[in-house]
Structures are given as C-alpha cells and as structure tokens.
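Shared between the two complexes below is chain A, which has chain B as its partner in the first and chain C in the second.
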Partner chain A sequence: MVQFLQQLINGLSIGSVYALMAVGYSLVYSIMNFSNFAHGGVIMLGAYFGFFGLTLLKLPFAVAFLLASFGTLLVAIIVERIAYKPLRERKAPFLYFIISAMGASILLENLVIATIGPTFRTYPEVFPKTPIELGPLAIGRLDLIIFVISAVSLSFLIFFIDKTKLGKAIQAASYNVKACALMGVNTDKVILTVFGLGGFLAGIAGVFFGMKYTVYPQIGNITTKSFIAAVFGGLGSLPGAVLGSVLLGIIETFVAGYLSSQFRDLIAFVILIAVLVLRPTGIMGKVTEDKA
Partner chain B sequence: MKKVLFAALAVALVLAGCGGGGDSNVIKVGWLGALTGDQAVWGENELNTVKMLFEEYNAAGGIEVGGKKYQFEVIGYDNKGDAQESVNVTKRLTGQDKVVAIIGPNASGNAIPMAPILEQAKVPDIATVATNPKVTVQDGKVKPYNFRVCFIDPYQGAVAAGFAYDKLNARTAAVLYDVSDDYSQGLREFFKINFEKKGGTIVADESFNSGDVDFRPQLSKIKAANPDVIFMPYFFKEVALSANQARDLGINATLLGGDGWPSDQLISMGGKAVEGSYFVNHLDYADPAVQDFKSRYKAKYGKETELNGFLAHDAVLVFVEGLKKAGKPNGEAIAKALEGIDVQGITGRIHISPETHNPEGKDAAILKIVNGQYIFQEKYAAQ
Partner chain C sequence: MDWTYIQGILMLAGINMIAVLGLSLLTGFTGLFSFGHAGFMAIGAYVGAWISASPASTPAGMGLPFILAIVGGGAAAGVVSYFIGRISLNLKGDYFCIATLGFGEAIRLIFNNVNRFGGARGWPGVPSNSSFLAILIADIVAVLFLANLVKSRHGRNMIAVREEELAAQIAGIDVFRSKMTSLVISAVYAGVAGVFFAHYMTFIQPKMFSLTKSTELTIIVIFGGLGSISGSVLGALVLTALPEVLRAFEIWRLVFYGAAVILIMVSRPKGLMGGLELTPSGIRKWTAERNALRQAKATLLAEDSGRKED
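For the complex of A and B:
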C-alpha cells in the first residue's frame, strides 16, 4: 500500500510537468490543426532563461520565473511570426506547417548548442531538498510546489478560455477559423494569443523541468511524451491534455515500478495506439467532422 | 608582373608539395568522441589533451620514426556519443583522412561497433575509458586493431563488489543500471556476480533507459528493499539525478559507482546527495605522477582536466611508443608494435597484453566524495 501511494505521488509529479507542456500542443492544435513541434524548443529555452536569470543575473526566484515565462511567451510569438505566419498567408497545406515546426525545433536546439554550449547545467538549490515525510511516504518539496503552481496556472488558463472575450474568440476559432473570421473576429490576434499562452506555460514547464532535473539543449525531446499525452487526452481539448498527461505520468511510473522500466515506453505507446484505434479523438477530444 | 607570376608559381609548387602525401613528413592521427550531448565535457577534454600533446611534440621538433623526423596533425570528429555516428566518423577518418591510428572514443558502446571498419582499413584504435570487455575481445577472439589503456568492467565490477563487502561491510546491495548501455550492463553483471560470490545478497535489480531523467519509480522499489549500498554504474548526469531523487525519497544508503562518476558536474549537480559516496576510478587525482599534466592542461585551457584527459594522455603515449617501435607510419605496423608494449603512463604502468589488448594488472583507486572533493581512499586490486 505504501509502495502504491509512493508510486502514485511519483506519477502525479511527472504528470503535472507533462500537463504544462501538453496544453501548449493542444492550444495550437485546436486552432491551427497541426502539431507545433517547435514547442519543445520553446520549453528548453524557458529552462535556460530561468537558469540564467537565477545564476547570471542573480534574480530572486519569483522574478527569474516570470522572466522565463514572459521570455518564452515572446519566443513563441516570434516563432509564429517567422515560421508559420508566412505559410498561413499563403494558405499552405498542413504538412508544410509540420515541416516548418520541425525545422524551428531543430533550429532552436542547435542555436543553443552553438551559443550556450552542449553541456548540461544545474539549477541552484531554490527549495530545500529534504522531503516532507508523511509516515513512510516522502514528498519532494519541489514536486509539491510544481504540482500546486501547475494546477493554479492550468485553472487560470481554463478560466481565461471560458470566461473572457478573447477566450470565447479562441473557442470560436477552434470550432471553425474561417467562419470565425467572417464573423469579424481578428483571427490573427487569436492565433497570437494562443501562441503567447502556450509559450507562457512552456516557460513555467521549462523552469520546473530544469529545477527538477537539469538543463540541456535536448530537453525538447522529452516533449514527445507530452505530445503523446495531448493526443491521448484528445488533441485540442485542454482538460483532455491535462487528464492525458496525469494518466500517462501515472501509467509510466506504475509500469516502471511494478513491471520494469524496459516496458515503460513500450506500454505507453501501446496504450496510445489502442486509444487512437478505439477512440480516434482521444479521451476528451473534440469531434471534427469533415465540413464538406 | 614577372615577380607576381614567380610568386604564384612558388605558391603552386609549395601547395603541390603538400598535396603529395607519399613523402610527407606529417603523420595524421585521428580522434573521435562526443563533442555534443551528455558526454561533451569529456569529449572536449580528450580532444584538448590530444591536441595539446601533439602540439608539444611538434614544437619540440617532432618525433623520429625509422630515422626520419615527423610532425603530427590531429583530426578530431564528433561522434555525438552515438554508436552509428562513431561508425560513420571512423569511416571518414580511415577512408578520407587516411589517419595512421585513432585515439578514443571513451564510451564502450561507441568503441565496439568500430572494429570491422578498423580491420578493413588496417588502422589501430586506442580507446581511452572504454571499459567493456567487448571493446577488444569478442567471442574469445582478440580484435586485431582495437586497444585500450584502461582496466575493464569485470575488474571494475569486482573491485566495487569486493570493496563494498569487505571494506564497507555491506551485506545487501541494490543495483540501478542503464539497460541500453553496454558499459552499464557490464558493470552491473560483474558487480552482481562478485557480490554474491562474496556472500552478499542483491535485494533489488532495477533498470532505466538512456535519456531518462526520472528514476523515482525504480528508486521507490529500491527503498522498499532497504539495501546497505546502491550500486550506480552509469554516467555522472544520471548519477546526480538519481542520487538527488534517492535522497528526495528519503533513501540514506551509501551510493557506490564506477569510473563514469568523476566530473566537476557531478559535484555541482549532485551536491549533498552524493556526499559520502564511493567510486572506483582509474587514478588518484593527488598522485604526484599526474600533477605535471594537470598543470600543463590548466595553463593551456584555463580549466581543470577531467578524468578522460589523463587516459587520453596515456593513449597518446602508448601510440607514440608504438609508432617508434613500428619504425614507419603505417597502421598495420603500429598495430603489431602495440602488442606487448610496456609504457609507464601517468595513470600507471601500461603493459598491453597480446592476448587481450588490455593493460593487464592495472590498479584501481577507490575515491570518496567528502565536502565536494574526491578523496583518495586506497589502491584496491580485486582478487
């Protein structure tokens, strides 16, 4: 039982980081119907921004944290302007967007390798490493903080989408971009907002990831997992992305903890394929019908 | 006008002379290793060392081989820490650059797949810190063109197991290892065999995959088994991450590792989590024999050398001795000459056995991490 609860805690702590990353994929997918693979690069930059904010500029943690989030917000918007906007204006096929996204992702990774260097770096200790002990259970302080901040920021995001005018516009655009534009909604602004929101959360995810593990140029690779989580939960659905991430985190830890870590990715991918076969839209995905 | 023409002609002649190759008095030496990725710190350190040493030889007028003075050119390529890329780079070094020998790589997983290409091209390779037995011997047969200057995993695993049982009085041990890495697999296997032979029990045997950053599920299982020591035979990045996470989970067992540990990054990243841990190493950093090289490296590059630098240093020494003994800059002759060669390196006496191409009987050093420093404990030879 102790083992079970401890593994559950481990799973939630991974799942909450996946969730922060996954909503970025989901947001962009809901409007533009393609997977923004450059998102991983943006997360990686977030980790570096936070790291340099803390070490080089010696900022207090909260300030470095905000610097990283707003930094990646900016980067995400720049990526959109340079890599996607020209394609949008030319009404390019979706495949081109995906290729452009992959290009942007490789570019960001190599930009960091060339300028900052390929070695990994470690965040200074912001929160004490001693765990909170609940009887035989151990909860890392950082894990708890990550979990709480992730939950708060995801709730804010869902509140923003549900209750604000711009949020409504995003919802409308996710339903049908063209019709939305015909109704007088500035879809360009909607797209920028979506990238900005995704970028902001990517910064948070990057800083947390860096603090929890380490900072290196290939962080973006880990987002494959969050992408799977987003598909699993239903691409385009925010609660779906969160649910998918938490579930994936828990499944992974249980497989690694009770079976063997060799089977972990195997089982994660089998579940992904199974979900897509049985429920192509994911657990909570929106149903998109061909508008013929 | 005439003058210009003459100058141009002279330049052309000089260039033609250089391109001639055959009578050139420049010997090309290859190097490969990771210049990007997790192990870039080590790769950069090795390449720096190799370059520095050959620059020193060149500045001293070169080396006399078979009655003729030669200068050296080092050609280093990035293998990205990847097995496939190592094969590509080896092909390039032997086929295109026509090097007479190759130094590196440090990782066993990268060194093992190079063998067929080396054999085809008849170019010897001297691996630095590649400790897996298969680097030089496969299926009981020695690979004719693969050599190394470090001790091997069975030895390292036996040393770690013996030290844990005899000196740390550990009776139960857990192992966490990287299932996708030859080096890690090898160490784990030989640690297990030797620890059990001594009379100890392996209470948990957990694995992860290269690139993983979260080890909590496996560590939670290890915690439940409550071992005296945890053996972590993998590289410093994962060591630091898993050590931190182990302490996060409230595990207080002594951590034990191999030569994948030593790095400045381990201390900066692992901090308190790795305090009091022990690992098997190739040398003692305070040994007087290594001080001269350490200070030369620091003077040239402005930072401390990593472990790899010491072994890259000895690999170069062994190569140069082999070259002198061969009497001609020819890969096949150098490979022959390396067999049975006996060189006093800074990491110890290196006597390359003709049967295994390993330096037989090299001592291992046990180091402990105390206040962020590597403190030498003792020289330990496994029985």
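For the complex of A and C:
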C-alpha cells in the first residue's frame, strides 16, 4: 500500500509536467487541426533558458523561471510566424504544417547542438533534496513544487480561456475558424495567442523537466510522450490533455515500478495505438464530422 | 572524391530510393501519410539479416542466399502492414498519421527488447551482400513496377481515392481495399529497402529506424513532389547527397537541413516535380500547360490594352 501511494505521487508529479506540455499540443490542434511537432524543440529551449538563467546569469530561481517561460513564448511565436503563417495564408493541407513543424524541430535541436553542444547538463540544486516525510511516505520537495506550480499554471490557463474575451475567441475559433473570422474576430491574433500560451507553458515544463532529469538537446524526443498524452485525452480538448497526461504519468510509473522500466516507453505507444483503434477522439476529444 | 566514396553515397541513395518509391505510392498516389515506414524498414532489415546471416555468427542466422532474404524481408513487412492496416486504415487524416507514428515507434521499441537480435545494443555481423549492381537492379525493378501499377486499374483507383474519397466510393471503388493494397505494397518496398540497408551497413540497431528516419522518407517524397515517380527518384538522390555535400559545415549541416525543409514547405509546396513526370509525355504535358498559360496571359493583356484604347 505504501509503495502504491508512493508510485501514485511520483506519477502525479511527472503527469503534471506532461500536462503542461500536452496543453500546448492540444491548444494548437484545437484551432489549426495539426500536430505541432516543433513544440518539443520549444520545451527543450525552455529547459536551456532556465539552466543558463540560473548558472550563467546567476538569477534567483523565480526570475530564471520567468525568463525561461517568456523566452519560449517568444520562440513559439517566431516559429509560428516563419514556419506556419505562410502556409496558413495559402490554406495548405495539414501535412505541410506537420512537415514544416518537423523541419522546425530538426532546426531547433541542431541549433542547440551547434551552439551550446550535445553534452548533458544538470541543474544546480535549487530546492533541498531532503524529502518531506509524511508517515511512511516520502514526498520530494521538487515533486511537490512541480505539482503545485503546474496546477496553478493550468488553472490560470483555464481561467484565461473561460473568462477573458480573447479566451472566448479561442473557444469560438476551435469550433469554426472561418465563421469566427466572419464574425469579426481577428483570427491571426487568436492563433498568436494560442502559440504564446503554449510556448509560455512549454517554458515552465522545460525548466521542471530539466530540474527533475537533465538538460540535453534531444529532450524534444521525450516530449513525444506528452503528445501521446494529448491524443489519449483527446486532441483539441484542454481538460482531456490534462486528464490524459496525469493518467499516462501514473500508468508509466506503475509499469516501471511493478513490471520493468524497459516497458515504460513501449506502454505509452501501446496506449496510443489502443486509443486510436478503439476511440480515436480520445477520452474527451472534439468530434469533427466529415465534411464532404 | 574517389569513386568508392561516391559509390557509397549512391548506394545509400539507391536504398533510400526504394523506400521512398514505396512511400510515394502511399502518400503521393493514395493520399495517406505515414510516419511509421522506418518501422517497416526495421522489420525488413531484421528478418532479412536473420535469413542471410551465417549460422556461425551470433545470434544464429539461417545462412540462406541473399535473394531469399530480400523476399523474406519484404514479405514480413507486407504481412505486418496488412494487420496494421486492418485496424488503422479507417482512421481519418491526421489520426491515421498519428497511428502509423505509434506503430513505427512500437516496432522499434519491440526490437529494442528482443535479445536474440542484440536488443538496443545492435546486431553486428550481417553479411555485406548489398552490391552496387544489386541495388541498381532493385531500383529499376521498383520504378518499373510502380510506373505500371500507377497506370493500371488499381493505380487509377488509388488516385481517385486521393482526389475525393467519398466520390470514389460512390463511383463503386472499394476505398478500403485500394488503401490496403497501397499500404501493403509500400510496406513491402520499405521492407526490401530495409534488407538492402542491413546488408549495406552490416550492423543494425533499432535506433537507426526511429521517427527521424520515417520523417526523412516523408520529407523526400514531398520534396520530390507528390504524385510523381521521377520526383521521388530525384528527391532521394538530392536529399541523400545533400547532408554529404554539407559535411564541410559539420555540426551546422542539420541546421541548414531543417531550415531547407521549412523553406521548401513555405516557398515551393509542389515539390521538385509537382506531379509531373520526366518522361516524353510528361514533358509534352508540361510544355503544353506552359503554352496554354502564356496564351491565356497574352489574350488577357490584349483585352486589357484594347479596353484602354476605347
């Protein structure tokens, strides 16, 4: 029972990082209907921004944290402007967006390898390593902080989408971009906001991922799992992305803990295939009818 | 630049070409996008190596002739793709694409855990059977088969499915079957390419068949131009050689590569050939289209100037 609860806590911690990444995929999918594979590169840059903010610039954690998230916000918007905007204006089919995203992801990853180098780097210790003892349970301070900050950021995101005017515009655009534009909504601004929000959360996720593990240029490959989480929950749905991420995090830690850590990566893809075959729209995905 | 170096690049381009031609049938002619073809290549590579590796080497292979390895590797990839197609071909657009991504990665991770074939550490000691001549012959056969298939009834059905699925179905085409034929044939192509790849590298590792490889194949198909066989051939040659040409820039070459991919998508989405073929009739079609365009422009201009004079 103790082991079960311990695994559950670990799963919630990694699941909340996945959630920060997955909402980025889902937000873009909900409006533009394509899987933004450049998001992994943006997350990776977030981890580096935070790392250099802490080590090179010797900033306090909170400042480095904000630097990373606003840095990735900017990167995400730049990627959108360069790689997607021309395609949007030409109304290109979704595959061109995906290929362009792949190109951007190759570009970002190798830009980091060429300028910073391929070595693994470890974050300096920001929070003490001693866990908080709760009876027989040990909760890592970092895990707790990750969970709390992720939950707060996601609540802010949901507040923003539900309560603000721009958030309403995002919701409207996710139903129908064309009709939304006809109603006088500036869809270009909506799309920029979506990339900005995704980029901001990607920065937070990158910093946490780097703190929990290490920083290296191929982090983007690991973030494929958060994409799977987004599909699991239902592409295009924010609550779905969060739910899918938390579930995937928990399932992964349980498989690694009880079966074998070798199967941890495989299980993610097995879930992906099972979801696509049994219920392609995921747990709570948006249903798009076939417009013939 | 000695001949062995150039020959090596050409062989690699030829191997890529087989896989690209297969993917070209699926993506260019049937309109289905796959991010899992590296998985089919992995199946071909491992099964082919298993058939041809000598029983003395570790792990015990069967030591059969190379031609059987090609047939076996291609067939294995085809059979696996049939079962994958059965459960995923009904998915629409983006979701089929994601499913193939999942299957491709799952195949790679399964090979990571097969200790008989060396697991993640890889499998050395595959016989070096891929000769320049063998690859050349395979490429010629691949091109001829594809060119004839595309012109056949099956090929025309596939093109109809690509253009408008619903209309094709109403016209009496078995959409699912057309898609399945296309998927299985393209997987066989990828499997055969995998066999040649394994016998060219003489060492295989699941890492070689990652999502990056699948993406590379799709990028080549799009770069060459969707729905063009000669485009795929040219694309495979150019894009396999490009990283070699850029090798002088060392670590910056993949940065340029990524930038080039975005640039192609943004500036010339039709790809190199844009659905046209480098055959006598293809060139005639191209010149006819150009002349028609020029004439239309001329008449428009004439009308315009005529209006001004009024």
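Going forward, the second predicted complex is superposed on the first by the 290 of 292 C-alpha atoms of A that agree within 3 Å, B and C clash if a C-alpha of one lies under 4 Å from a C-alpha of the other, contacts with A are read in each partner's own complex, and residues count from 1 in each chain.
To be clear about the criterion, a residue touches a chain if its C-beta (ideal position, glycine included) is under 8 Å from a C-beta of that chain, and two chains touch if they have at least 3 such contacts.
Bear in mind that the values here come from a model prediction, so they are computed numbers and not experimental data.
Of the two partner chains, neither chain B nor chain C is touched by A:Val42. In the superposed pair of complexes, A:Leu27 makes contact with neither chain B nor chain C.
Shared-chain residue A:Met284: touches no atom of chain B or chain C. By the touch criterion stated above, A:Ile113 is placed in contact with chain B and with chain C alike. Of the two partner chains placed by superposition, A:Ala169 touches none, neither chain B nor chain C. Look at A:Gln218: by the touch rule set out above, it reaches chain B but stays clear of chain C. By the document's definition of touching, of the two partners only chain B reaches A:Ile14; chain C does not. Looking at the shared chain after the overlay, A:Leu157 reaches neither chain B nor chain C. Once the two complexes are overlaid on the shared chain, A:Ile99 sits against chain C while remaining clear of chain B. Overlap of the chain B and chain C interfaces on chain A comprises residues 113, 221, 262, 265. Residue ranges on chain A touching chain B, taken from their complex, read 2-3, 6-7, 10-11, 13-14, 113, 117-120, 122, 125, 129, 131, 133, 138, 140, 143, 212-214, 216, 218, 221-222, 252-254, 256-257, 260-262, 264-265.
The touching residues of chain B, counted against chain A in their complex, run 35-38, 40-41, 179, 206-209, 211-214, 216-218, 220-221, 223-224, 237, 240-241, 244, 247-250, 265, 268-269, 271-273. Chain contact summary for the complex, chain A toward chain C: residues 33-35, 82-83, 86-87, 90, 92, 94-96, 98-100, 102-111, 113-114, 221, 224, 228, 231, 235, 262-263, 265-266, 269-270, 272-273, 276-277, 280, 290, 292.
Residues of chain C touching chain A in their complex: 33, 87-88, 91-95, 97-99, 101-103, 105-106, 109-110, 112-113, 166, 211, 215, 218-219, 222, 251-252, 254-255, 257-262, 265-267, 269.
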